[in-house]
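Structure record follows, encoded as structure tokens.
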Amino acid sequence: MGRYLGRKGLIYALTLFVAVTINWMLPRFMPGDPISDMVSRAGLRDPEAAARMQAYYENLFGLDVPIWQQYLNYWGSLFSWPPDLGISMWSFPRPVGDLVMGALPYTLALLIPAILLSWYVGNKLGALAARRKALDNTVLPVSYLLTATPYMWLAILLVWFGGMQLGWFPSSRAYSGNLVPEFSMSFIGSLALHWVLPFLSLFLVALGGWAIGMRNLVIYELESDYSNYLGALGAPPRLIRKYAFRNAMLPQITGLALQLGVVLTGNIVTEVVFNYPGLGLLLLNAITSTDFFLLQGIVLFVVIGVLICNFVIDIVYVWVDPRTRTGLQGASA
Amino acid sequence: TEDVTDDVADGENVDEAEDTDDADSANAGEFPRNETVYTGGAEWGTYEDWNPNTDGEATFVRGFLYETLFWFDPWEAELKPWLAESGEWIEEDVYEVALRDGITWHDGEQLTADDVKFTFDLRDVPGVEFPELDEWLDEVEVVDDLTVRFHFSDPRAGQWDNVLYDREIVPEHTWGEMDREEIPEASGEDITIGSGAYEYHSHDENRARYERYDDWWATEHLGLEMAARYVVDFRNESNEVAMSQILQNELDLSNFFLPGINQVPEFGESVHTFYSEEPYMLSANTASLIPNHDRSPTDDADLRRALAFSIDVDDIVDTGYQGIVEKADPTGMLPLWLDQGFRDDEVVEEHGFSYDPEEAERILDEAGYVDEDGDGWRETPDGEDMELDFIVPSGWTDWELAAEVIEENLHDVGVNVVLDFVDPGQELDPRRDSGDYDLVFDNQMLLQNHLFAQYFYLYELPVLDEQANRDNPHRVENEHAWELTQELARLGTPPTDDPDDDERFMEIVSELQEITLEDMVIIPLWYNGLWSQVNDSTWTNWPSDDPDTPNYYPTTWANEFMLGGLMTFTEIEPAG
Amino acid sequence: MLTVDRVSKVYRTGAFGTNQLTAVQDVSFDINPGEVVSLIGESGSGKTTIGKMVLRLASITSGTITLDGVDISTYRGRGLKNYYRHVQGVFQDPFSSFNPIFKADRVFAMLKGQYFSSMGRDAWQHKVEAALDAVRLDPAAVVNKYPHQLSGGQLQRLLIARALLLDIKVLVADEIISMLDASTRIDVLNLLAELKADGLGILFVTHDLALGNYISDKTVILQKGVMVETGETTAVFTDPQHPYTQQLLASVPRLDRRWQK
Amino acid sequence: MSLHVDDLRVYYRTVHGDVQALDGVTFTVEDGEIMGVAGESGCGKTTLSKSLIRLDGRMRHIGGTVELDGSVLPLEDDRAMNRFRFTDVSIIPQYAMSAMNPIRKIGTMMRELLESRGVDFKQLRPELERRLELVGLSRDVLTMFPIELSGGMKQRTVMVLSTLLNPSLLIADEVTSALDVSTQRAVAETMAEFRDREFVTSLIFVTHDVSLVYQIADTIMVMYAGKLAEKAPADTLVKQPRHPYTQQLISSLPEVGVRYEEQQLAGIPGTPPGLLDPPGGCRFRARCPLAFDKCVEEPPFVEIEPGHSVACWKAM
Amino acid sequence: MTDMKSSPAGRSGAAAPAPDPASAAPGQTATTDPLGAAPALAGRRRSEMLYFALRNPKVILGLSVIVAFLLFGLLGPLFSEFGPRERNAGPLGAAPSSDFWLGTTWTGQDVFTQLAHGTRATFQVALMAAAISAFIGMTMGFVAGYRGGRLDEILMMITNIVLVLPVFVVVIVVTAYLGISNTATQALVIGLFNWTWVARAVRAQTLSLRARDFVDLARLSGVRTLSIIRREIAPNMASYLVMTFILLFAGAIVFAATLDFLNLGPRGGMSLGLMLQQANQQAAMSLGLWWWFVFPGAAITAITGSAYLTNVGLDEVFNPKLREM
């Protein structure tokens, strides 16, 4: 178990290193010079003023030291507390960390329930489908349809149908325009109302995938040797299904880690369609306004978030699967 | 670095405070619909820059929070006093402003001539608006509490008017405490004590909220009142959002570009534009096709002329814009100046252009642009292959469409043009500024107080490696025209008190029109609209061409707000 | 003559080879022409590993294997190819020895491509038929068939025929009959015995003592990679010295007597 | 009582038609009897053992009956069969390595299984531990996960579990095939011991290794191509086989002591027929050296002397 | 050990190909052990596979839909007299009618024409991207699985790193920096980041195929490594590789559409994602022009859904265990 986690830890550390390094390199080595862009956007007539401004920004963004030192500083600033992700150009001069932190709650509010609920409900549905033919004939096609649906399309359909046609739910932003964020019933109610459609679009698409996966896994497990053995010893189907379900859960837990990236993608487009002020929208704003520092900050944040989630899932996995705890081969004969 | 982070830190503190204290005043965080005007379409960035001394401030900083000495009425093409009671040239090079008596800042202090002097004395601080003002304004003299005199080294009357309605007066007692050099870097909302009709309430990424200042001087002085207790402005997120908001009465005034607004069922019912039929919108600027004078073959006037004749602007207007814009005059002058009679019809008659592909082909043939090698494309007179590089900002759908129309038109006359869709900020701006293009769209001939601005745009010299201030991106070098332009800037818009000046003004304008058209410096295509849609379900009496309603320019765009936008808010009334 | 001299094999497993597993330790024996050496041991005792080392399919950790006095680990490229002219192998699972999606006689074609590319069609045909004849297979019954259309015995004989196409001196036969049905395995064994009579040296790998006893001249008993007993087959089987050998012999089910309690 | 199988036919459904894997077998296993089943690969041994306890999805019961201790087993009704499984008929699967739920502790798994069958686990626990001890396992295995056991330990654990309710019939299909000779012996002897201790009443021991089955079986039944060839007491079958197939099979087995130089054995030429569309008459006839005209008719499986039945015209 | 994540229960094929980034990748989670399928496949003649494939309703339905869309993309543009971006092809914002089968957009562009061109572009990108991912993933998988040892460790480390990275975010960022100008670049970028699960799955398969004796036999015949991989190992995984490609294709479609939707796709052309983007950006929902966004989205869903369906069907064909009989 120690080895297992140790190895995982090594991979995460390497991934973090690579991700941070790539992230650091991108604005520096890709075509285009963000600082010059900024200066030229300021529209200064006087070349000297432009040069002053260039120098000012280079200093501000720490680009006026040798490249290796920039790299070290970058790491240093990440490990300082609170981490210093630089200053946004799009929303100059707000610190990137501020912007990310402001957007994060919205993204989490969408992602966490969407991921966990879709996982839970999807697995339940899938297990049910594996049991009853009638259910299987409905759940399976619907699940395939859902999982083949691109996130943005479902989001658009929800906006159109739930938002425009029926008018049941607001179809953009996180809360109504006539409110100020605060702890009040009307505000929270508004938050909840605005949350429904974007949540649904994430939830439904992910749901399909889980349901299919679970159904197939359960069927697979039901044909496994231990199921056969239990069956031969006359165990009631209930017990066999329970075992199959538990075993089928394991790949689904690992799948959860692997699906994070996918749901994240969905989250970005969903936020765009719904103008939901989370990280996805912020990311797109960073891109359209070529705010490299903001972009870097978000990417870094997302990468670390994903790594942490992966690690958590790995630990959970160790906890649910005895095989990881006892080493791989049968330990003692 | 330190200074900025300081400000940021301050901003943060206020941010937190705002959540608790200020929110209470807004009825527990809620803005009653019938007391609030919702606006949007002006803020492209985020609400972070609250500094009136620099460019790019948040929407309503100019006008609601801080005010200018005058405002400009485009219908009459004249300045109207605002903080100033009056202003006039008392000598050739001295301009005197008389302030209104009894104007107070939001914190109760008096607004005096000292504040005006303080404001204009900031002109030499790098980063403050009007960087070149220093070159021609010599000194600001406080005569008494309410009188200021401006002494000029170069009295550019036309340009000065522009400053007068554009420069917000800031209170010395708050800004004076700051280190002068740091002033441009201040940005937090702690610097929002102004003299205007509204006070800062709160903001977040996506919206800024303002609350009415009840002791506003204009109520007493001018009898003006703001009906809306709150104004909430939304950032530009997407057209789609704006569209649904205006349709659902979540926005009262939208200054977004919403093509198709004239076709929604709500149009003419709850949703209106300034005109109820084509062109629906007032005109805000002239969109032109800019040929590069610094590169072959677009440095050839004959080619430029041929291009002008080959473009079917009506097609762009009808299909790209669905009729919500108007075709531009060949002179490029905005309707406002046409109304003032500044267009020289004779000159236009002789040198103007219109859509006429045959004429275009004739010009090309005559100038030696013929297809010798039979590949279907004309070559240059030197026999070289010709391929015009037309850079288009990707994602700007209306311009993309327009570019495609032009592409077809030019192909029809045998001119090979290649559309190059590039990222607007990342690639287009730098390439335009550095002259790395053959053709590009530009719309910086803006709605302003004086025609000089248009010719500054056309002729400003010298041409730099980076034409970063957005004038003369076409890189024309015409000393004579530039001199005429500078002379024009010294003249007020007719009619002035001096008939000689007025005559000279007309002469210069005619000559400039002639030079411009003869040389085909740029090809004016259409007037971009002063995009504006209102929903009158909650608030009525919005400006329109209906004689029963006011006719102010209904916009919240920061640069146009003092052209009637502010006045719009004094006129609206609660519905029902 | 093939000589295995104090050969050991250590496998590295785990992340970056942190675990070591000694599969074979200091094993020595030699195979003379016309001699069958059986390598007997329980599962995991390292039999296959030794076979693979002889066939250069696994590297040798220490010790040497020589063929006619030349260290085989020195062979590279052309030399290795040449080595395979003289030393060939047949493996346990006839079904896994054939690529299931191709016809069975592709194993011949592969050799032709590599070793007899200049040989004429007819000559080759002739050669193949001779080899098939040697393993007593009817060409019509096996040519142009897919592996699943042939029986295990036929497949194993095909593989031996394949080896015979080359000029082999040593054949490594790794459990070549353990997957076959009782009714056919004896024929394959008999075939090996005949080849031996023609002067072929055979390394016969098995876990079945009865089979080892049936055809081999010399026997090597392995336990966990270590040689515990070796000698003339008759001697090892009639008078086992090592307790492990004795225990093995006692556990073999036989038809002439039942296990003693 | 005992097991009576009468004309049992079980086919596999495939797209090409039915595979007649078990085509009319009739035999009896007496109380206390260990019956070995031997035969070539594909002759239907596994099909037979599965038929007696649990048909898989593709197997179809075509005809015949199985009677255990006086009651007819409802082979086709999976639910009804549950009443007999474990308590009356039980199985030791070949896949002992993977027969236990990998993520449950062994003890927990056993408890859940037994309780689901309405057995009081607490009460049974001392007996369970006793039997574990008997096969040389400590009671600690109950708190372990399957992965913590070696192959042999798993095999023995499964043996104990399968026989815990003292079934009257135990089926062991190829349980020793993958094991080394010494382990093989231990497992086989443990099975015999289970019978001796009456943990099971009778035992069907399926293997392809005649020598092995000879070690512990009282009777041996030889199958060929989905049918029975011969059944006889172990010694009789090995020493005086009557069916030509059995004879040839036995004589092709190399034994320790037999050497090529001294005695050359011979195999059986040819291969068994496919069961998709098997030939009529005696299925061995194509390979049989003694085959004659009569063999186109199917030979009945008849008792030629007490306890010794053969399906061959020549043997009658 | 390297494979702990994908195959906790040691059934490498079972859970391996899950992390298809742009989709929920259904049905793969339980693709039963493809190695079980390989010999089964081998044991049958190819014609038999075809027999089953042509009789499997899922394969038939899935493939017909895909082929129908492919034909639509190839031929559709020929039947249209308009360009994909041609304004005023018809009345503005007209609902589907006999003249304009799928209606027109806001500026009078013909939705049918756009859909045909968009489908074509979408196929182009997806096929190219899938080919690139397949090439990288398979190369990595083959080499790592066949060579083993340190090389395997390193390749798998790389794979695992890319696997943990939120690929889409990375692609968005790279796309944003590079400014995707044409379909080939887009396909390349997608392909470059979308191969991890392929590498792992192919590696697992190779590992076990490599252990088969015929590989050793080929070595004993003097065949070179590359030929062994190409001629011995790969053909045995053909069914699996086909299924992998189909899933990659489905993933790439969604991937590309998503990029296009965020306006990070190639400029100037027309794709299904771009149609959605334009519909969304130009407020088609508010304007009630449902045909503008319903059809392209439905097309994406239909193509990817059919790919999944085909995949499941093929799984049944190749894997007799799953076949219903």
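Residue numbering begins at 1 within each chain, and the chains themselves are lettered A, B, C, D and E in the order written.
Here is the rule we go by: a residue touches a chain if its C-beta (ideal position, glycine included) is under 8 Å from a C-beta of that chain, and two chains touch if they have at least 3 such contacts.
The chain list, named the UniProt way, goes like this: A, E = ABC transporter permease; C, D = ABC transporter ATP-binding protein.
This is a predicted model, so every value here is computed, not measured.
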Inset, instruction - From chain B, count the fewest steps through touching chains until chain D is reached. - result: 2
Legend entry - Between chain A and chain E, the fewest steps along chains that touch one another: 1
Legend entry - Set of chains whose contacts include both chain C and chain A: D, E
Legend entry - Pair joined by the larger number of C-beta contacts - C-E, C-D: C-D
Inset, instruction - Would you kindly say which chain has the C-alpha centre located farthest from the C-alpha centre of chain C? - result: B
Inset, instruction - Please identify which chain has its centre, taken as the mean of its CA atoms, farthest from the centre of chain D. - result: B
Legend entry - Distance from the mean Cα position of chain E to that of chain D, given in whole angstrom: 48
Legend entry - Distance from chain D to chain A - Cα centre to Cα centre, in angstrom: 55
Legend entry - Computed distance of Cα centres, chain B from chain A, in Å: 41
Legend entry - Shared-contact residues (touching 2 or more other chains) in chain D: 102
Inset, instruction - Give me the residues of chain E that touch two or more other chains. - result: 1, 9, 280, 285-286
Legend entry - Numbers and ranges of chain C residues touching at least 2 other chains: 15
Legend entry - Residues of chain A that touch chain D when the two form their complex: 224-226, 228-236, 238-239, 243, 246-247, 250, 320-323, 326, 330-333
Inset, instruction - Show which residues of chain A lie in contact with chain B when the two form their complex. - result: 32, 36-37, 39-47, 49-50, 52, 59-60, 87, 90-95, 98-99, 102, 163-164, 171-173, 177-182, 184, 186-187, 275, 277, 281, 288-290
Legend entry - chain C - residues contacting chain D, complex: 42-43, 151, 153, 181-187, 189-190, 193, 207, 209-211, 213-215, 233-234, 237, 247-249, 251-256, 258-259
Legend entry - Footprint of chain E on chain C - complex, ascending: 14-17, 52, 55, 57, 80-81, 84, 88-89, 91-93, 95-102, 107, 110-111, 114-115, 146-148, 159
Legend entry - Residue ranges of chain E touching chain B (in the complex, touch as defined): 85, 87-88, 92-93, 106-108, 179, 263, 267-268, 278, 280-283, 285-287
